[in-house]
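Just passing along the structure, written as structure tokens.
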Amino acid sequence: MRRHAGAIVLFGLAAVAPLATRDAYFLDMIVLILMWGAISSAWNVAGGYAGQVSLGHAAFFGLGAYSAAVLTVHWGLSPWIGLVLGMALSIVAGLIIGYLSNRLRGPYFVLATIAFAQVLLITASRWREMTMGSEGIPVPFKQGFWALGLASKVSWLYLTLGFALALYLVQVYLEVSRMGYQLAGVREDEDAAQALGIAGRRLKVIAIAMSAALTSAGGTFWAQYVGFVDPFYVFSIDLSILFALNTIIGGVGTALGPFLGSILITWLEHYLRATLSDIAPGLIGVHLIIYGCLLIVMVRFVPQGLIGALGALFTWRARAAQRERHART
Amino acid sequence: MLALESVTKRFGGLTAVGGVSLDVDEGDLVGIIGPNGAGKTTLFNVIAGYYRPESGRVVFEGRDLTGHPPHEICRLGLTRTFQIVKPFGNLSVRDNVMIGALTRVRSVAAARTDADRVVERCGLGDYAGVVAKSLPIGLRKRLELARALATRPRLLLLDEVMAGLNPAELAAMVELIRRVHAGGVTLVVIEHIMAAIMRLTRRIVVLHHGEKIAEGVPARIARDPKVVDAYLGEEFTLE
Amino acid sequence: MGALPQLVVSTLLLGGIYALIAVGLTLIFGIMRVVNFAHGEFLMLGMYLAFWSFSLWRLDPYVVLVVALPVFFVVGLLSYWLVMKGVIKASHNVQIFTTVGLSIALQNVALVLWTGDYRFVRPWHASEVVRLGGAALNLSQIVAFAVAVAFTGGLMAFMKFTHAGRVMRATAEDREAATLMGIDTERVYRLAWTIGIVCVGVAGVLLSPVYTVYPQAGLQFVLLAYVVVVLGGLGDMRGALFGSLIVAAVETVGAYTLGIAWKEVLYFVLFILVLVFRPAGLFGQRGAETLGM
């Protein structure tokens, strides 16, 4: 239970937050932190647990966002159907990316994932009959759970909390299960894993497809929450980078890491946007400059992320305390 | 148990293994020697499924393995270690071995018990919780062996598990290999250290430029003029 | 038939400019084994240099070209010392995210300093139409092409004939051997990075009269440059030249037949196909094998 203490505190606080306040800004922040944390966790399944770093995950996010929006707008279908369709499409796309991951390594794979998302971006922004092209799709609001039209922020908070919890549990599963151990082997050394009887290639493809489907679900939720799908945002490389950024800041390959990263990054963005736009509207890009620098500094000096840094701090303290006890006796 | 039928593997114009045939019976302990670049490791890569041979067949317990991927071959009971050890560096010794054990048992708890037993048997008990990348080379070689054993192979290919060990470690490794063999695992061992392999094996195969130039009991191999020729200018360690 | 000369000339002109962007990228990759995701941002900085020089002091981009060389030399050195030096020996993932971070930071520095407005540099030669065998183009395009080709040619000659160039090639061939031979590889990396940045900075200045200047301007070109570089084989300079022509041809012909809207899809699909089926490039071998292909 102790290893999940951080998660229990985090999700617990989110769960009781509506009791403390009904401030829309505050609740919106929690929804977004949970949402981005969950989607970054989905990235983490491929990028962290399977070791397949992608900068094209916006492709899956966009598929999820568009599937629901398009089905609702054209045929009046429930976004839940769109959610399933988006996940199905993303699994197919994930299988393609997974296939690529077995042919390409390192930078080549990263480049291929970027190109893949770019193809979808261009398609979405040009296929006017289906996607309304570069103007994007306003998602019509229809009240009710079945239509994912939740009027209150509190309902959204609990929905995203459920989603976030699910993602957390998926990651924990990847730490303690047979599949998780085998995946760790593949990530550490694929040749050695194969010699130990692990179907490394298939496992990687499964992990990437899983990651894709979960990212897509996040895309659907996000689009329904925000109410608008813009191709240049949902398929953008900036978004793909954001998923990676949250995870790297928090701790790659850890279940809580993406959520910690999301807290910091989401909060930073909102805080800086609010304060800086008061000073001068031109300053809104400042948070992105900080992201960029943070990324450079983190990967170089704190590759374990916040989790690793905190962990090191605690062990260091524990050791210091131990030394102190020894000194006294 | 294992039969190679004139296996050939080429890289571009270079023939790394040329028409090698070999039979290994159940309970054998066969040594493979040869100078650097003789094709020993390539041969292992072909047997274990990492390379597909241009011609020839690899038959294990009556089943044609040619073209099967390594993980399937491992599940059939044939696995290998790597000359350049490939530990899962960021995982503990126990987890390393457990990943091998999970190929045979589905439950993580059972695999952990299994792994602990293997770790103990390989003399790594004191290091079970240590992260693999912090092990010294001698222990990494053991880990390589332990991990392979956890998959419960009937035939195990050992690629230079004795290289780079100090005399004490070497003696312990020879002992360990003997015990593994006595436990019913058929072994094929690539080794550079002649003294060790002479003591250990009953039959030695000599590769040179990818071809088998001699096969027989250790004493005869040491006197074979072709073998001595092949090794001229190479380290012929018979200390 | 009537369109053919225009297509050929457009392909050549576009190809020449892509080559200058791609050559720096492939140089950096070939020698440092670093995929520079921030490459496009240096292009964007070059465009802004031209823009501000033009709008503040009415300096023609071709005059700025002379200034751009030392400016980007310094920019290259600075970015190397501040950012790249520490990750030269790090893993691919660390390097990838370092240059991604650099890209985000630079892009948004430009956004904050100069806003997201579209800017134009339109000196007299940008509207000077030249007719060349049935094809109409403006003078800026032709000059950009000429300078780009001269620059690329000069760089290739530098790599082939000078001592520094040979040392760099030796390092690209075999890092360990180079170190054993007493080559200061750290200096080689610094030089490769700096030259790569100078190339792309110059390309930015050259492109300013032809394209729009804005903070994300680099992105479209850098993705394209990667297509070029992968087609030619990462690290292969001559391959980059061919790659540029192929991409330019795909782009021009694609725009002509499918319409501008879909031409990009064409080359991204081409890109993925090449990555999958010819990861070492259409002609080359180098680069791929060291990455464990």
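Order as written gives the chain letters A, B and C; numbering starts at 1 within each chain.
Everything that follows uses one rule, which is that a contact is a pair of C-beta atoms (placed from the backbone, for glycine too) under 8 Å apart; a residue touches a chain by one contact, two chains touch by 3 or more.
On a predicted model such as this, the values are computed, not experimentally measured, just so you know.
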Touch graph of the chains shown: is it line, ring, star, complete or other?
line
Measuring between mean CA coordinates, which chain is farthest from subunit B?
C
Using CA atom averages as chain centres, what separation in Å is found between subunit A and subunit B?
43
Suppose each chain is reduced to the average of its Cα coordinates; what separation in Å results between subunit A and subunit C?
32
Distance-wise, how many Å sit between the C-alpha centres of subunit B and subunit C, to the nearest whole number?
49
Could you list, by residue number, the parts of subunit A that touch subunit B in their complex?
176-178, 181-182, 184-185, 188-189, 191-200
Subunit C residues touching subunit A in their complex are 35, 83, 86-87, 90, 92-94, 96-98, 100-109, 111-112, 115, 215, 219, 223, 226-227, 230, 261-262, 264-265, 268-269, 271-272, 275-276, 279, 288, 291-293
Interface residues, subunit B side, partner subunit A - complex:
48-50, 69-72, 74-75, 79-82, 86-91, 95, 98-100, 102-103, 106-108, 111, 147-148, 150-151
Complex contacts: residues of subunit A adjacent to subunit C:
53, 55, 100, 103-108, 110-112, 114-116, 118-119, 122-123, 126, 237-238, 241, 244, 248, 282-283, 285-286, 288-289, 291-296, 299-300, 303
